[in-house]
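What follows is a set of structures for review.
Below are two complexes that have subunit A in common, paired first with subunit B and then with subunit C.
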Partner chain A sequence: MTSAVNTAAPSTAVVSHPVLNVVGLRKQFKVRDGGRTAELTAVDDVDLAIAPGETVALVGESGSGKSTLARCVTRLVDPTSGSVELDGLSLGQLSGRQLSRAYRDIQMVFQDPRSSLNPRMTVGAMLEEPLRLLGSLSAPQRGTRVAELLTEVGLPADFADRRPHQLSGGQRQRIGIARALAVDPKVVVLDEPTASLDVSVRGQVLELLARIQAERNVAYLFITHDLQVVRSIADRVLVMYLGGIVEEGPTERVFSDPVHPYTKALISAAPVAEWGVTTERFELAGEIPSPLRVPPGCRLAGRCPVSEPDCSEHRPALLPVPGSRFVACPPEVSRRGLLEPDSLDHPATPAHPRSTS
Partner chain B sequence: MSVALAEGNLLDVVDYRGGFRGPDGEVTEVLAGVSFGLRRSTLTAVVGETGSGKSLTALSVLGVQPRGFVRTGGRMLFDGEDLFAGGPRSFERVRGNRISLVFQDARAALNPVFTVGHQLIDVCRAHRRLGRKEAEQVVLDMLERVRIPDPLRRMRQYPHEFSGGMAQRVMLAMALVSEPELLVLDEPTTGLDVTIQADIMDLLVELISSSGLTACLITHDLGVVAQTCQDVVVMRSGTVREIATCEELFTAPRDEYTRDLLAASRLVEAR
Partner chain C sequence: MNLTLTPNKSAASPDTAANAPRRRRLTRLPRRGSMAVGLVIVTVLLVVAVGSMFWTPYDPDASGVGLPYQPPSAEHWFGTDRVGADVFSRTMAAAATDVGITLAAVLIALVVGTVVGAVSGFVGGAVDTVVMRFMEILQAFPALLLAMLMVAAVGPGTLNVIVVVSIVGIPNYVRLVRAEILSKKHWQFAEAARMVGNSRSRVLFRHLLPNSMTPVIGFSSVNASWVAVIVASLGFIGLGIEPGSAEWGSMISRGQDSILSGEWWISTFPGIAILVLSAAFYLIGDGLTESGEQR
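Presenting the complex of A and B:
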């Protein structure tokens, strides 16, 4: 993780042996727009790499494409172009048995545990199903494994006989996590796993996830809009806006000193649960445009208070700035003198992604 | 917990009790003696987690309760008058006129088959003696006050053409056209993005302070509370756990549950 790799894709350069490596991912949907068929680009040329045991958070607001990205990564939907490599194996080329074998290594936890758990199945049957599909365990072994999984997520073993309606929201989400862990994956993609939970339960679920990661060295791709959660759990954070990554870096550095105007707006808008602590808001004009009308240059052009005429001409690339960070805002990077002089020759920056956590 | 009835509160909820009747006829109490007051021209937050009874209490202020809910005791003093004493009619008299409600999901609360302007004018004319033209003007002014760009064009549009944040502004406008004294906001920014939430809360605070409104904000988000409210009522399992000014609550919480809730909301510090 410490050696620099010189690759063309800057955002994947900070992780030298990624367990998950996404390059140039793009997803377009065909939609009806005022009677005509239009192409909606939900995810546009995204690079993303995660080291084993690392937690990477993907933050963004509605319409940023973060959930679509998660679905492409787990191949719940097929990306239009780009590659997803899982432990060196390209997911895009797999099908049938090979793909289902690859799914052992990548699993997903969904936002709403009420709709992602089958109401007619018992908890035990739901946890046993992936083990049965795996085919390597006998029935008694599977039973033992289900009990172990329940214990691992902090639930009593007799919960195996219950059905989802007999569980609280937090307990259901624990089952969702246990189901994802059943096949011993290397990567778990969590799509807003705490969004529907009360704050006290949210804390418990995050603690559980941290403990599981410490024990299993599993990597998390954490999709969320909750900046508190990002700050408490993520080693690195990627900020997404209208389908593209606008800023990326170690969590604490991004939070304490955001560079991209969108990141600033996002962080300054999050209310702090402290008396007398007011953050001065960095305000953007208007609202996020429809993903059918993404501006041709910088995606934020038109809303950004510091934009320059050139911003609406060219789509800015992610520029490396000191501290293993990347920012897609040339005016802000040069204004703050963050441009690394040799950045064009050596896009990679030696980094310790976990050093700040 | 007892609370002194302060002189001049716009609303006092006194020992409010109620529950749901089960199949055996027994009432399971979910509100176990809730008491708090709303000071005039003040934004008071009622915070709590799922099942705390915060929404149930707030909706009771408008006499709107879910099916099967039975009130077993208590008083609801609005401007000195007990709303429960007068039966359903006393609620009808104040609901929408003197007390307005803003719901959580604005797009679901608006009627999808009528234009936004149509709905706003309807509400306006139902509560105020205005002609069509006058009502149109009032609505237009109100949409400007809630800072909806291009309000004249927006009035002719349907709810599905509004983003979540814009729809919530419409809801606010709808709640305000009748010039109420009390505004009840049930999780008005839940489900909205943080930047939109901040915009809406800024607007709310400005509207409340400029018009002298009394408002009651039902929320689970202590961050929003710290940034906007003056008074806070903390609820849990149908009881009031703590009543404090916002400053007291965040700097010197007295109740153990409040402290837990604060710790859980400040994930980073607790790490």
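Presenting the complex of A and C:
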């Protein structure tokens, strides 16, 4: 991949010095589909950039490619093409050992606290492992650091002797967070960290994450399908559908005034927990298609109430709209008169819109 | 009719529900017990095997310590054979050979099979395909036939028998461990281990493998039960260790002509020894597998 050299990705346009910069990321899997080999495109040409200390949420329903994107960003799986830059260091070319070193700066919190902790290890051993393998502390210093980490995530220091089966779901996820924070990374990728937790515990974990971010200036890539969570924690939100980003912008603006039909549908489908507030349901036809059969034009074309004939022919680019936002829906953008004059002068290329905002 | 049936039914169902846990406990108890029996037997056989190196009633390799074909008596507990050797002493000495070869072969197969299976499952791709096709070739032959062919090719000898019998067992371990690793390699704790700086091989050997060994340990004991039989079978057909040395299979072979003429003890006692050893390993393996499933 020659990477997008002369095209500014939407995120890059709003983040001047990103700590994490993903350009043109694509992941395809070879799968057997009814006897023949088919290509499944899980992540399709995604750009995203995160500033130091920022929280970017990636939302989308199951099967939209969120978790695959997270694993490509941390190179737990190798992307098919595209580049991931962590603080100026390109992760794509790193050997195993170099990649381990890069993990000092990027860590991950996993979705299922039941399966993300090794059942045979004590909590202390689990928290010490990153310090031993990635850090430079002596053994006694590591012991002190483990106790500090436990305190930081709100657990008593004697939890170091426990094993995962002696912990509740919330406690396990706190251990997962402590493990990710052990080496003081610049970026933490959180893959649905609250999805398997009770609602009450969920709030506590989110508070913990917010407090840690305030103290350490760590950037979060927060992957979730829970819009409530997005609203409470994210500075910016990227909406993902069938492997591609359809809308991007500051969380409050996207929530209060979604432009893309998919974002509208997603937000109006979420229950509102306020009296007297009724939202008009904006509904899409049918179900999300199989990622084996992604529509050639706009991914939403077959389900969209506002689609035009042209939609199913050309894959729409992310167009800049006022308020540092980007929307991949030309009909809706022009209908609402949101087209920025600049983008008329420089017509967007299908893959990477040239943005000057 | 219905009126009488319905109350009966409802009365019966809570009854069975209450009995269910107790019944499960009852079926588990004999299993625990059988595992204990197996462990006791193997321990006793090990003590006999080691003890026989220091003391046996008569020299097991000497002929003419008694008259030929003496039935069991106070002097010769298991009688004497055609050349007047003491069958009890020989059976004791053979325990060292058979138990030793069995344990060594199982240990080699366990270690080699586990490493090969773990790497094959973890690396996948072409490596996995080649390894698994090779294992299928090995498994295409009946175990005893394969062992016979290989011993015939490399010649008799204790070390050769150990290596050959372990090779016959390896594919079972490879398949078992590979399946365990395949089912766990995308578990999040494996990914988490990679993220905290473990190399891929450390993820495999320090994190995944220790979590995959429970069924392997159970199987190794079941495996030992048929390895013991294969070792004795090789001895019986004269393909095993050096001819003439004390080994249960070759002892049976030596005594088989005398059974019809009434001297049953020459073959019977080593035969019982093989059965007891094999059964004991099986009981342990069964119990281990059972307790592994419950966790």
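As a convention for this text, the second predicted complex is superposed on the first by the 332 of 357 C-alpha atoms of A that agree within 3 Å, B and C clash if a C-alpha of one lies under 4 Å from a C-alpha of the other, contacts with A are read in each partner's own complex, and residues count from 1 in each chain.
In this text, a contact is a pair of C-beta atoms (placed from the backbone, for glycine too) under 8 Å apart; a residue touches a chain by one contact, two chains touch by 3 or more.
These figures come from a predicted structure and were not determined experimentally.
By the touch criterion defined above, A:112 reaches subunit C but does not reach subunit B.
After overlaying the two complexes on the shared chain, residue contacts for A:266 are found with subunit B alone; subunit C is out of touch. Of the two partner chains placed by the overlay, only subunit C lies in contact with A:134; subunit B stays clear of it.
In the superposition on chain A, A:320 makes contact with neither subunit B nor subunit C. By the touch criterion stated above, A:284 is placed in contact with subunit B alone, subunit C being left untouched.
In the overlay built on the shared chain, the residue A:124 is in contact with neither subunit B nor subunit C. Touch criterion met: A:228 reaches subunit B, while subunit C stays clear of it.
Of the residues of subunit A, not a single one touches subunit B in one of the two structures and subunit C in the other. Residues of subunit A touching subunit B in their complex: 61-62, 169, 198-200, 202-203, 206, 225, 227-229, 231-232, 265-266, 269-278, 281, 284, 286-288.
Interface of subunit C with subunit A (complex): residues 187-189, 191-200, 207, 210-211.
The part of subunit A that touches subunit C in the complex is made up of residues 71, 74, 76, 96-97, 100, 103-104, 107-108, 110-112, 115-120, 129-130, 133-134, 176, 179-180, 182-183.
Those residues of subunit B that touch subunit A in the complex are listed here as 49-50, 149, 163-166, 193-198, 201-202, 220-227, 246-247, 249-251, 260-268, 270-271.
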